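Should a chain be cited, it is by its letter among A, B, C and D, assigned in written order, with residues numbered from 1 in that chain.
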Amino acid sequence: MSELLTAGMDVGSSSVKTVIVANGTPLVMRTDRIRRRDLRKVIEESYDAALAGADLERKDIAYLATTGEGELVEFRRGHFYGMTTHARGAIFLMPEARAALDIGALHARAMKMDERSKVLSYRMTSQCASGSGQFLENVARYLGITLEDIGPLSCTASAPEGVSSICAVLAETDVINMVSRGIKTNDILKGIHLSMAGRYLKLLRSIGAEGTVAITGGLSADVGLAQAMRERIEIEKLDMNVLTDPRAIYAGAIGAALWGAFRHDVLSRRNVA
Amino acid sequence: MSTVRKEDSMLLQKEMISDHYDRLARAHDDGKKVVYTFVPGNLNELVRSFDLLPVLPEINALQSGMRKLSGDYIAEAEKHGHSEDVCTYVKCDIGMLKKGNIGPTGKRLPKPDLLLLSYTGCFTFMKWFELLREEYGDDVPVAMLHVPYQANGRIEPHQRQYVVRQLETEVIPRLEEVSGRKFDPDRLREMLRLSSRAEDDLVWTLESAKHKPSPIDAYFGGVYYIGPMFSAFRGTQEAVDYYATLRAEVQERLDAGAGPITPEGPMKNEKYRLVVEGPPNWTSFREFWKMFYDEDAVVVASTYTKVGGLYDRGFRHDPDHALETLADYCLGCYTNLGLPTRVELIERYIREYSADGFLIHSVKSCNSFSVGQLMMLRQLEERTGVPGAFIESDLVDPRYFSAANVKNRIESYLQMLDQKRGAAA
Amino acid sequence: MTSMEVIIGIDLGSTTTKAVVLDIEGNVIGRGITNSRSNYDVAAQIVREEAFVRTRFTLVERNLQAAGGVIGSLERNLKLEQHLELLARLRQAMSMLAGGPKHRGHAGELAARLGVLGDEMERRARSQFAPGATRRSDFFRDLAGGDFMHIAEGLADKAIPFDVLCSVFDAAILGVECLPIERAFERHINTALQSTLSEEPLGIAAELRKAVDAARATELVELSTVGTGYGRARLPFPKEQIRSEILCHGLGAHAMFPDTRTVLDIGGQDTKAIQVDSDGIVTSFQMNDRCAAGCGRYLGYIADEMNLGLHELGPLAMESHTRVKINSTCTVFAGAELRERLSLGQKREDILAGLHRAIILRAMSLLARSGGINDQFTFTGGVARNPAAVQALRDLVRENYGQRSINTSADSIYTGALGAALFARRAAERKAA
Amino acid sequence: MTHSLESVLAHARSLADDIELAEVRRWKEKAPGRRAVGHMPTYVPRELIHAAGMLPVGIVGGGDRLEIIRGDAYFQSYICRIPRSTIELALSGKLDALDGMLFPAICDVIRNLSGMWSMIFPERYVHYVDLPQNFDSAVGGAFWRHELETLRRDFEALAGVTITDEALRASIAVYNENRRAIRDLYAARGRQPWIYPFSETWQLLRAGNVLPPEEHTALLRSYLEVAPTDKERRDRDHSRVVLVGMFCEQPPYGLLLTLERAGCYVVDDDLLIGLRWLKDDVPLQGHPLDNLVEGYLNHSVMSASRYAPEGHRGSSLVESVDRLEAEGVIFCAASFCDPALLDQPMLVAALDRKGIPHTEFKYSEDTGQFAVIREQAGTFSDSIRLWATE
């Protein structure tokens, strides 16, 4: 039997994630930051680069499924919505998860699912970008540290400093004030992480999430956030535990590719019948 | 001396409340039945005439706010799918229920035997008890009393008749069913007589603020003064005694030319006299109050002290027309008044109580109060020439009380009054 | 040594801190501005010092019969000296950091690059302060930051990546900003005078020198100070020396335009709509804060997003012919919407015009709430420096309120500080009486 | 006369967008002395207005194109949008074609708005229509009968005519026709939602806000006739959903399109519920006012703004899901809409008891960004589709 090759593309507001899956196993995973570039171009390049990475061509892919802002991808076969794909990706990466929290640049989405990744309930933030990835990015910029430093630094905090403003834009003033009051960078980051964690837990609670929660999306790479969530879960005595996976930033794309394979099966069976 | 006497009424009230909650906790063991109902348009005399005990979820909610439990309760309700946008009293109550229904004195509240839904002045009440019915199951009966709105600034005969007919055909039969007793008009009349006596003393107390300096704070202190009248005690001898004690205390301060009592002792120099529209914030009640007395501002009249009955325009419960008087009482509660009437009332307060300013405390929860307040502000400024201030927060949702913001606004406002006074002098 | 009594108002804004100095008659004799992004005490100190520098220039002017353009070049040269002093501090701070443990692996290389960078920054600074040159901003942080980034982009490579250079700068600038420059006029005026005289020989050199000396020797005695603004509670002032920013803006606007009845102030993080009576007394106000949507910071965010300077935003938006309707209420989402629209091929200027209108629309709501727009209408705060914002405001006022005289002024950012100074003057008078 | 689908839709669209009431002004200009009476959403007895020879006009706010300048001076940020845009329209003279305004008892916002209206426009006719919450004909019925008589007298005075019982019967007949056409439209859409897409039916319904009922009925009838002629309309892999919560403030058109694009067939909704508040024909024999009272008490729809007796909350929603074979329910309420949002947990409980899937989000009439809604609705429709085989 020949390999079934499918691809998933997660077009986000800050980056495009592309994954190629062969018989249910990811072969290639890549992220391309958009950074004020023409989105359509980034998409094409990312797709072709991913294919090249596996020595493949577009025609080899049985089903290209998009998610996120994937409507922009004209050459796709199908599209699945973000929470459908993140739930699938989360279950693939962390099978014991019964809820997922996808935190991207602008939004956070919480979903509760069963072991087959059927989404049971979900909710996402809206209208205000407070506590999003963009918020952290801004903070990092004003602290003069890179994104990758955020998590590890936050984990070393000893006296987290509470943040008053949760506006993603005004946070900068707050942070600068803290710096000038002599608050250490790690304590500032931890304070922010704790306040973000509080919001996310509220979001998760509002959909009735329990048990293992998988963090996916860009902020899954932030170990400080996961740590802060664990601490708050402890304090609030919630019945949750938080998991991450190094590949979780690709959860959406992986989920899309897997759903693509599923649809491909359904469709080809229909053709046979 | 005066501080000792002051504590008399406070202690008395505390005792009354704690006795009441004790009685509630024991109610079902004692074979008593309880009726849940609302403050505005409450039919306390009628309920008590059937020997039923009233529970007022609004009071529980505000108490939860003062005891800083409301945040958790609201979160609990939101977790169960209640929207962030709706009245926080409702959510606080439902959250409390979900967490075991422990009342303000730490004792469990009994399940309702009847939900007496008096739809007075606020639409949310109806949904609130529909939601409670959902929680308790359909076996808890509901008596619906629809009180029409005083859109035209007066009580129309057909409105009164509509309410009376509902009392006769809906409310009284349900109360009879639940209590297993027959309606006893004489007993009701007796209670109404007690009501009107206590009402006289309440009005006297509230109107004492017309004196300069005012012996009371008619908002922060006022919410305590209305307690017995608006909750479970109207129509009881206890209430009559409470108000007599209160009146004596206030009389004493009045004679001494003393100001109101604040949590930090008596207020010395009355610098600003204010009228306040809108309910207070309960989660930061003390902090909020402090922002006023720290600046020597005293509230001389408020509309919130009229939500459970508007007595200072002449209405008293009339024992000789029992059902009609209950209907008029319901129709006359403050939030059941049309906006033009509300504006006129506040305008009179500003003039009659010689206020330097007025403040609208607008709460996110309560559309019944809040919708139109910005227009009231403009209208009142125009009609009286007295400047107003507008502050926004909430009843029992701590997330919506930003102390720094509120303080900034109050300070700016009072400085503005000061500046204005300076210019006039 | 002569002395002079002065009165000071300080407005600790969320974005910028402003000071106004009055003489005993109430004339404005000095103004200062700095960015607020540091400790509030320090911001207040720096801005007071800035305003004193300007005050001494006023004294020079007063001491001199015909000053002409000479004061301007003198000031410019003094600014250059201040800038160079800060730059020297910055270089020192950066080289300290480069020697720190974080950079052990590439300390030598980093130091070398920073050396090159520093020299180039200094060269650029000199040309930015050359006669006739224009500057992107009034603040050291912005100027130095802009230069640094620009130069660093060219210098960065695999060995020393751009991010590393930036992190050194970001850490260093914070420290530099937290140190006030004291007695700048006294210390630098001679050098500045030298430069000025060398730029163009002047007939009045001797007179000028005398006037400068006199100004330098004058002791400025603070009679009374009032603080206001967002950060006022953190000023180390007693309570009676602090006034609400609402009252200060009202009074300041009244002083600048006596017929003002309505004031709109759009600052970095808040928007205020204020009604005043014929004496400048506030009769009502409305305020928006805690959310960056609709405030100056919104424009700052968009400027960053578009890689433009703040002052370039307005003029670009003015080029639009077909305004786009912006839907996002949140500043961050507006950034995302902007990117989306740009990728759809919509024109920058049209989107920008829509963004400006969106901000002003928010302000219009606030104005309506505070009691509408009465004649005359004064627009103050940093955003009043943005011509597209002013234009959008004019349009919307005309469409909705009809004819109104709209006042704006180059100094409108100082309105709050001016009001504070006027309160301080009243306090001084009361003390005297 | 037959019309093309395009022209029917174009006509409907222009009427649906007619917040400035151009159509009403046109109608008034056709004959001297004509008058129009506006009303806020949900139920008012339009028959009475019609019988007085006046035009009933439904007012549903300003939509997403109106810039709010003065409206915010009247309403805090935590109040829904419809009253502020309505005030904005009124203050800028766009509702000048109305000679009177009715505010039905739907919620405290509309209730207080009636008082504001009377203060802002002291010279205009304003009436708060206090709908009874007691459905006993001797109690609530008597009260409602009294209200109707008041309205009748008021309208007679306003129009300068006498409303005869005959005229009222005729108007009832006109509205029976109109409600029948709307019922047919909903039934047709329930069967074949791809032929009568939600975004179109909404516009057709909205046209009824400004059109005389006779013309509106005709418009609906021609749509029903011509919509199936478009051969492009084919059934797609979409999920069938019922939409709840939009009975007052209207969603922006973009939201409807977003739902359709996210793969939803809307087979039932509560948009502009007032136009079909009475579920059955009102009898023409007997006293017309008594018949209207009877219609209101015993033949009206369930809605968040009326009291539901024990066991009634949610049953009509479940019934509609069953009848239309819907696969799920979307709660789509206006932000800060107390009635809709307070109702929701009860409806959710009713659906949960039956295992009917549901999701929820909020909008406001001027929502401009639909990314979140698209994702939520899309995920909902995905989950229905991907797991349809269960």
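Here, a contact is a pair of C-beta atoms (placed from the backbone, for glycine too) under 8 Å apart; a residue touches a chain by one contact, two chains touch by 3 or more.
This one's a predicted model, so the numbers in the text were calculated from it and none came from an experiment.
Asks: With centres defined as the mean of C-alpha atoms, identify the chain lying farthest from subunit D.
Replies: The chain farthest from subunit D, judged by C-alpha centres, is C.
Asks: If you tally contacts for every chain pair, which pair is highest?
Replies: Here the largest contact count links B-D.
Asks: Taking each chain's centre as the mean of its CA atoms, how far is subunit A from subunit B in angstrom?
Replies: Using C-alpha averages as centres, the distance is 49 Å.
Asks: Need the CA-centroid distance for the pair subunit A / subunit D, whole Å please.
Replies: Subunit A and subunit D have C-alpha centres separated by 40 Å.
Asks: How many angstrom lie between the CA centroids of subunit B and subunit D, rounded to a whole number?
Replies: 36
Asks: Residues of subunit B touching 2+ other chains?
Replies: In subunit B, the residues touching two or more other chains are 81, 374, 378.
Asks: Listing for subunit A: what residues touch at least two other chains?
Replies: Answer for subunit A, listing residues that touch two or more other chains: 127.
Asks: Quick one: which residues in subunit D touch 2 or more of the other chains?
Replies: Touching at least two other chains: 73.
Asks: Line, ring, star, complete or other: which describes how these chains touch one another?
Replies: Drawn as a graph, the chains make a fully connected set, so complete.
Asks: Within their complex, state which residues of subunit B touch subunit D.
Replies: It comes out as residues 80-83, 85-87, 90, 117, 119, 122-124, 126-128, 130-131, 133-134, 138, 141-142, 144, 146, 148-149, 151, 158-159, 161-162, 165-166, 169-170, 338-340, 342-343, 362, 364, 367-368, 370-375, 378-379, 392.
Asks: Which residues of subunit C touch subunit B in their complex?
Replies: 243-247, 279, 281-287, 289-290, 369, 371
Asks: In their complex, what parts of subunit D are in touch with subunit A?
Replies: 262, 359, 361, 371-372, 374-376, 378-379, 381-383, 386-387
Asks: Tell me, which parts of subunit A touch subunit B in their complex?
Replies: These residues of subunit A touch subunit B: 202, 205-206, 208.
Asks: For a test of understanding, state which residues of subunit C touch subunit A in their complex under the given definition.
Replies: Result: residues 14-15, 36-39, 42, 163, 166-167, 169-171, 174, 178, 269, 290-292, 297-298, 301, 307, 329-333, 335-336, 339, 343 of subunit C touch subunit A.
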